[in-house]
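Next, two complexes with subunit A in common: one pairs it with subunit B, the other with subunit C.
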Partner chain A sequence: MRLLSVRVLPLFSRHLHPLALPINTLRSVLHTLRSRAETNLQFRRRKNHRLRDYRGFTEVSEEEKRKLVGNVFSSVASKYDLMNDLTSVGLHRLWKDRLISKLGPFPGMKHLDVAGGTGDIAFRVLESIRGVGHKVMHDSFVETEGQTQIFICDINPNMLNIGKKRAIERGYTNSSYLHFVEGDAEALSFEGGSMDGYTIGFGIRNVTHIEKALAEAYRVLKKGGRFLCLELSHFEFPIFKELYDYYSFSIIPVMGELVAGDKESYQYLVESIRQFPKQDVFAQMIVDAGFQSVEYENLVGGVVAIHSGLKL
Partner chain B sequence: MKIKSSVRYQFNGDRLAPQKGTMRPSGGDSPPPLCPRFQIPHRGRGIDIPPRPFQRRTSASPASADPFRGTVAAAEGDPGRGKYEETQARVFIAALPHTARLGWTESALIAGARDVGVSPAIVGSIPRKDAALVEVIKSRFASPIIDQRDELKNELKDLTLSDRLTKLIRIRLEMQAPYIAKWPQALSIQAQPANLPNNFKQRAELIDEIWHAAGDSGSDFDWYLKRTILGGIYSTTEVYMLTDHSPDFRDTWVFLDRRVKDAFDLQKTVQEAAYLAEAVGAGVGNTVKGFMAGIFPGSK
Partner chain C sequence: MARGVFSLLFRTGIGSGSGGGGGNGDVFGKLLSDILVCPLSRQALRYCPDSQSLISDSIGVSFPIINGIPCLVPKDGKILEDQIKSTGNDDSAGADSGI
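Presenting the complex of A and B:
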């Protein structure tokens, strides 16, 4: 409200021509949004050297980042799902549905969902496999259904606990399908060539060394296995970008404060989104890890991007 | 490393059935420029789908069709790039025997992937899975006509035109005879609006191939007419075959023979039809003139 009140005053000045009012309003609002967003970003960038560890500049920064990420998710774990719904206005559900429809799960699949602590993606995979389409299968596939294994891997035990609770709530108590595993995306405990699918939803930007995570993904996938990554990415439309920046830097941390009681974590979240490589650069990194047929799809104009690759 | 576009897979016979031989000689190949509407790009053996340029893909809602997509592949000379298409082709071919049991569906593709030794997750990366399977298999069925044109030429030399056409269509339909049980499903998949364009393209290609193998003497007037008529004969025979329970599809071949003879036996049929039309037109013209003269006396 302070923002608007400062700019509103000149509009009622007698010195302005009446027709210039709307144009001036728009221009001044945009100018303020842009400069405020830039100020925020610059301020944050100068203050937080730890964010530059994405390229691995200093060891100390990496440690800090790991600890910071650990702290962030420990403190937001209980309100993680609620905050997802609030900040994305419920859209994250559609994004995850899109991810699953791109994946195309099948019965007998061995799937690994990394950084999927609260289980959103894994539950969707399971429901997709159990869904109507596969009920018309013939006998030959019934025996493979028992072999469907979905592994949920997360570095943070609090998030895994939330996931386990949600699994019980939904009735997935049959432990032969879902497995909760604590592990690091950069050093997975699974054998090489054991997974049909690998998904990572909103997790790869929190990883200290993205190349290592991609290499690990390549290692655990079977021949023909698919890698899918759903991540908040770069949004480039000229005018809406200002609104998006304003929403990210001014509204989301405030929401975090009100709902989860943690403004710092959500500020870290928004900054880490800006620090993450652009869609094309990230796609190139996936190619460098050895994947074939790499492509990405922008959702909501680039707010979210789904990158996919195939191991052959 | 350069970022180039990647070609996913192509529907023509080139990729799946490696061709020997070269581009067809140009005599009588190109369609006459009279009706640009019906231009079917004709470059030798098949219709090439050009590689997709690098594009960004956005969608307002995840469920809508995406007009753009970003694609990254390794540099062009990388063997990995061909590997994807090759693996995909092998999966499609391995899926064919399973269609008898599972139909033309994703399940058949998954079974095919398992046979090839590749994780069935690869099926998820194929857009329009069942339609792709149908298209790829159909283009494989057309390969005897394309590949073995030279051998066929000897067989066909001594036959009349209608016999040649009958034999060629029969060769093509016999390829799909083993899979006739689930063929109606394949046809219905191809009839879906999203898949119709490819269906038409493939059909046009096939008829073109058949005409060339039969020794098309290509005159301007007849080009479209011949292909349209033969396309009609092919479609009706295919549908007839679906309900034919005679041993070895004897009734279908009789049906086919009769249709082709009706349409193409007399070489002069088309020319005669033209004369007839002229005569009728002239007659009609005279009648109209007389009629007008009756109404407006004194007019020419």
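Presenting the complex of A and C:
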């Protein structure tokens, strides 16, 4: 797509097409944006988790990536929700709503939300189930047969603590439906075939071994269970891609600095989006994990994608 | 002595209703029997109200519960025998009050 835009535009200007002047302006704007983005990318493009940061150009091992992700989320935890609103201009709420509508929660379901520390997705599942009023929900601690159980699993205790606080603020304190568990997406502490639904929102790109997380997702789901992944993905529209790159590499880290006081963490987060496999590749990974009816839906042209699969 | 302490700890089971464990114990008890398992061995876990931890008997590892949140990350697991050796007499006092 990028090559196409380079070839077509000079053709117009050479033949003094009426649109030549504005197109030349557009070209120079495009060139400036692209070179700026590419300069950023040049320094920041990483293979095998190579980082350009205050540590220099060092290759980051898997263990280091784990620690880095841990540090990032410990650092940004308290401002995580606010930063989500700012960087996505509030759109993340709509994306999560879309995720829930694809999930189709029902009363009595056992649902697992992984990397869902602050609770956004889990709360939506709970609210959605409450809205489906065709089954009476039990309030007893003891009777869990047929009772809705929503598990929020996150590797970072700070994020979980914030989730717990938010749950209390929303009045879910005495709910026996919501459970917070600290755990690793690559080694879940849930019994195989126990979950009706599995969601992971903006978390899978931070997992060191995506295949392991997908395998675990497959393991814990029941037959007929649904896997859903909401993640920042690859956006390929020409012209807008340059704007998006500029926004990602120049604006977001600055926002991170101003709001969360942590520029490096947001730089890392933005880079991790570029490192993440493209939509088709990730879909294939989900198929490889054993899921069927795997599909994905691009939102905002691919800025985010919702991948889904069924365990049959 | 260590073996005696070990068996006392194991006897402290679900629903023993020790201090501070009441309702939480039931919740954890039910959760454990239904869904939560050890992330390492995928075997059943047992809730120990005294030490506020979940114990994986199959591999002898305990996972802490902090702020009501079970920490079931594999690297957070502590090997049980080491814990018992290090706490020594304190354990027997704690176990007695638990029964």
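Throughout what follows, the second predicted complex is superposed on the first by the 256 of 312 C-alpha atoms of A that agree within 3 Å, B and C clash if a C-alpha of one lies under 4 Å from a C-alpha of the other, contacts with A are read in each partner's own complex, and residues count from 1 in each chain.
Rule of thumb we're sticking to: a residue touches a chain if its C-beta (ideal position, glycine included) is under 8 Å from a C-beta of that chain, and two chains touch if they have at least 3 such contacts.
Model, not experiment: these values are computed from the prediction.
Undergrad: With both structures lined up on subunit A, is it a clash or a fit for subunit B and subunit C?
TA: Superposition check on subunit A shows subunit B and subunit C fit without a clash.
Undergrad: With the two complexes superposed on chain A, say which partner A:S176 touches: subunit B (first), subunit C (second), both, or neither.
TA: Second partner only, subunit C.
Undergrad: Please indicate which partner A:L160 is in contact with in the superposed arrangement: first for subunit B, second for subunit C, both, or neither.
TA: A:L160 sits against subunit C, while subunit B stays out of touch.
Undergrad: Of all C-alpha distances between subunit B and subunit C after superposition, which is the least, in Å?
TA: 16
Undergrad: Jot down the residues of subunit A that show up as touching in both complexes, subunit B in one and subunit C in the other.
TA: 141
Undergrad: Mind listing the subunit A positions that touch subunit C in their complex?
TA: The contact residues of subunit A facing subunit C are 110, 141-142, 144, 149, 151, 155, 157, 160-161, 164, 176, 179-184, 187-192, 194.
Undergrad: Which stretch or stretches of subunit C touch subunit A in the complex?
TA: 23, 26-27, 30-31, 34-40, 42, 45, 66-74, 76
Undergrad: Applying the document's contact rule, which stretches of subunit A touch subunit B when the two form their complex?
TA: Within the complex, subunit A touches subunit B at residues 94-95, 97-98, 102-106, 108-109, 133, 137-138, 140-141, 196-197, 221-226, 279-280, 283-284, 286-288, 292-302, 308, 310, 312.
Undergrad: Hey, which residues of subunit B end up touching subunit A in the complex?
TA: Answer in residue numbers: 1, 3, 6, 8, 56-63, 66, 68-74, 80-81, 83-84, 87, 101-102, 106-107, 110-111, 113, 117-125, 129.
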